[in-house]
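Below, subunit A partners subunit B and then partners subunit C, in two separate complexes.
Moving on, here comes the complex of A and B:
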């Protein structure tokens, strides 16, 4: 009976504006690339049917958010229920790399996931097709970061030349599926209640 | 033809009739659309009275074609705001948002097929946007502003042959045209878009609430089916921030997006995009409910479900321009009534900041000519209100982060409990006021919102609104 129910894997893509989130999503879902994708305003999503463990299928739902900082307050509305979070930087842009950690923290603070230590992230260093001299983030420093954030899988990709995009999303699907099953199995510890109790306590002590 | 056009000339006598009727009362209904447009075009060309232009622009077909539209927009906009020293493009100090601007300019005009013309337009777009922000450094750029400016540029530059031969024209003519486009963009920005150009999205998110409110008033059932009592209508953000120019592209002279801007400028009203979006939802009610039912299984939560369903419906509607023409008709027809419906929330609950275009420079049918000093004052006022709002939100977030770390760190939790316990004991034995005093003196930033919320839950948020 559980095999009949559709499995939806919700994946959210975060990262600075212009790193190529929309391009990666279109490359993965439609196998297309255009120099001319519009800037993302708010949030868009695309879906793709995928095969998991042989003959079972699942729907991968990819949510693409706007990168400009001011849209973050809006983007967090879509963090809830994510099964995997993809963090993207641009190998030719130092700032976008330095912001990876804060995108992850921002996600964890707002997504309200059940066990933050084990929540799956994947890091993508995009635009590796660009000539060597323009790259500013070395493979080594990317690996170090991925390691320091808790051994997050790292892929160097190009949405433009279709390098490593499929392997990256296979990993994303795999970890999302695992998270999805963990979540279904796990006895949910409710962090919300913990927060409420804290706040209620404070309110009482201040009101008197 | 000649004699017909004479009888429609824009003399003062016909003006009175025009205000009470629509222009179509004069045109027999058996005349086909093409001919109706031709007639209207003739009337617009002959019109010198801006009040008549306002009426013509608010009516069906708007200003019809870009050649006359450019003149009409310039005429109407310069009656809404008088700019001093318009020529001020030589400021050299970079604006902090120029990086983002360049990123978005690169991705603009994707629907223009001729690459040479596209590059020409992008160059112009970059010069205008950067010029605006260097001239008004207090304003912040947002993604989507570039879509609006792109539209303005096309009003003057939709003909690629003319543009590509521009380089061979005399420089002063090119300059003069640049100045006109720049002036129109500048006025439009200052009169209509200020809410979006603070350093956060709080004000546009406030505007979105008006959509929920209108739907609640006009169709309570739909309001509940869409769970608008529980979710924020973020699904409309790109339409509102760009006045629909992000989604509805001006691919030709008949595109609906021109009529939308004709209506906004002629009515001098920032309410138009909100009303259009509301009418879009009301008119697609059944489709939308079906889509929501179809999608229910597929989404994790209600925000996702409603956002996705509306996005899907919007996408299918965009390709059907006839449908949007219908929405425009309804929007024109119900304009006064709908704005009245909103006035209660506008003034009572103060959802909208008091410096907003919706309450000042673009509240509809304005008779005031503002000047740069008025605008400067409004911008300063809005920046102040926005700053307070943003601080509250940020300190709240910071507080959440602290809580998050405390809860996820068992050791810290234990230590903190001990600390709280100790404090409690101390407070029992020592002067009870001591703790309060220390608290008030230190004024730890992250404790502040808690303090205010506990003491004064609602009024604090809006205390700076006036």
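Moving on, here comes the complex of A and C:
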């Protein structure tokens, strides 16, 4: 029955203020870029229909969050039920890179995911269109970080020049779908377990 | 709170107009849902009704108040929702007309005739009609028909005056006794005006109109026919329009005069009066000064204004000098955050793209941030600073250029001193505003969470269908309304409408923060009249522990150096008024889309509310919204404290 129901994949984009979360989302969903986005307050939301397994489609709900620390207390309302979390930093901003880990931890604390170790994250290093001299985060250090956080997939992107955005979101969709199915399976398992326990109980009583 | 007695009049009237409340709601929805393209054109005159009525004084207000109270005491919300349901069926009819709420007799008449009545009614509101005789020909009817359609399809008959509507209720229908022809009206009748209404000058011309509207309806059946023969056909549509424009212009001029009159008092400006009149909108030329007074920046005492401004502006300069001196260790996080937010502030308005403006706002925001460490700079405050900046900028423009304020680089017309003064005024008014909503921006943003909760509770009671639908679709209020609270709905509207909205919002701010004024003078004027009223207007928050009796006590007089968050009780109480009213505005805003939202799923709802179709909203749409919010507030404010 659950397979007939349309799959909804919930994706959360986190990262410091101004790293390009909104731009990435709009580039992926609408294939557009604008200089005129206002700072996100709370969270913004866009959806995109995607193909999975050839003929099946799923809806990806992308939640673009506010980057300022003050808004983090909001997390719970938006993180819940996420299937994948995207961590974004700005390749020209050291601080935003250093904060990637704390964004991940922040998410795990608030999202209340079933198995934190296996929850899918994807890291995006954005703004690679900017001239080399202004880049402060080397590819190497980014790869090291991704590795240290549990082999998280890493993409270097540019929402402005549309570099690597689609491949990144394809990976995000894949991870989210995987997670979504894992959760569904886990639910099914739980359901079976519940029945088993009851049977066990009856068996016990018989043994007495 | 309790300072809004002008607007209170409106609430007091609401008892007899409970039907109107719901019809108002529904009809608004019709305007916005079933006729989406005409939503902005079909509402204006209805808006006029509401937005003007608060300024009226009704001698019967005491009686009305009692019945209004008894309605609330009944807790008869079911009755209201029933009423709403009953209107739902009517609404589905394409020939829907609010006339039905005005006269039961009219409602039974089929649509062609009722449209004729609308013409009649609309004519009565047109003064020129009386000057040019009353020999109606079909062509005039057509003219006026197009005229009225242009105005307002639904509310023409309600135009101008609520009480006229109420009185009309039991009136004979002229046409029934008159064979469908309008009769002439003796000149003497036109000079009659209603004795029980005293009005502010803005609505005085309207008052006359309303009086006219009343009189002929009463006199209709008895009048001799065709005593005057001057043909109205002579009058072209253009002329009618010109006259209407002239009338509007006169009304605006009168309104400006009224404001000037208050502002140019000899000694102390009557703040109460200013608040009442400002609630309905402040004319552009008066706005900078009025805002400074309403927010509690500019002293009410005329004699002290100049010296006070001088001192505050110097203080601002000193503050800037301090942050640029070596003694100040820069708060790089705040500076960086502001720096990346400034270019993203109102990116669609050219004014905010000028480097000069961006530098200016950066300074104002940064100085505010380091002076308020408990809150610090929070995204959204960059939005809140802009209405002040833009409005105060118009002070330095000539009348003819005021409308171009968003397009001219201020660098081209401001002297260095003027820049500094502009920044200082903006800074202090931003400070005053944020003082009232401090809890919105401190750690955890409890003020906003509280407002979101109150909004959901309010919608649960006002529109339970919508609330249930949200529940079913797992839509959480915080998912769409957080931004509404954080930016005072600024992100939802265009700047022009936001500024109009702020006229009302600033009139809603508490006066207790009024600074440096001899306390008695400002307080006597602004204190609520009765303890009950005070209590009623206090929107409880969980942190609030003060009893109503302490409400009237003196708030600490804020001195120039507001260093950090005030967390004492009086601060919280002070915060209540603006935040409280804002929640009602948000509720009115949400419920406006109820019809559409009920047909949407989770994604549809969130997407819609993130980007509501308000692009073409005019000031009149905003006024309608504010009026609705006011009505909701008057109906529910007593109840809110029991929800928590």
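Here are some notes:
Going forward, the second predicted complex is superposed on the first by the 183 of 208 C-alpha atoms of A that agree within 3 Å, B and C clash if a C-alpha of one lies under 4 Å from a C-alpha of the other, contacts with A are read in each partner's own complex, and residues count from 1 in each chain.
In the analysis below, a residue touches a chain if its C-beta (ideal position, glycine included) is under 8 Å from a C-beta of that chain, and two chains touch if they have at least 3 such contacts.
Nothing here was measured: the structure is a model prediction, and the numbers come from that model.
Partners subunit B and subunit C, once the complexes are superposed on subunit A, run into each other and clash.
Within the superposed three-chain model, A:10 lies in touch with subunit B and out of touch with subunit C [touch as defined at top].
In the superposition on chain A, no contact is made by A:104 with either subunit B or subunit C. With both structures placed on the common chain, the touch criterion links A:116 to subunit B but leaves subunit C unconnected. When the two complexes are overlaid on their common chain A, residue A:127 makes contact with neither subunit B nor subunit C. By the touch criterion defined above, A:27 lies against neither subunit B nor subunit C after alignment on the C-alpha atoms of chain A. In the superposition on chain A, A:160 makes contact with neither subunit B nor subunit C.
Looking at the superposition, the partner that touches the larger set of subunit A residues, subunit B or subunit C, turns out to be B.
Only one of the stretches 147-155, 165-173, 183-191 or 201-209 in subunit C has C-alpha atoms clashing with subunit B after the fit on chain A, and that stretch is 201-209. Shared contact residues on subunit A (touching subunit B in one structure, subunit C in the other): 17-18, 36-45, 59, 61, 66, 68, 70-71, 73-74, 77-78.
Residue ranges on subunit B touching subunit A, taken from their complex, read 100, 103-104, 107, 110, 140, 142-144, 146, 199-202, 205, 232, 234-235, 237-238, 241-242, 246, 297-301, 303-304, 307-308, 311, 393, 397, 400-401, 403-404, 407-408, 450-451, 454. For subunit C in complex with subunit A, the touching residues are 337, 340-341, 344-348, 376, 378-380, 382-383, 441, 443-445, 476, 478-479, 482-483, 486-487, 491, 603, 606-607, 610. The part of subunit A that touches subunit B in the complex is made up of residues 6, 8, 10, 17-18, 34, 36-45, 59, 61, 63, 66, 68, 70-71, 73-74, 77-78, 80-82, 105, 108-109, 116, 191, 194-195, 198, 202-203, 206-207. Of all the residues in subunit A, the ones that touch subunit C in their complex are 17-18, 35-47, 59, 61, 66, 68, 70-71, 73-74, 77-78.
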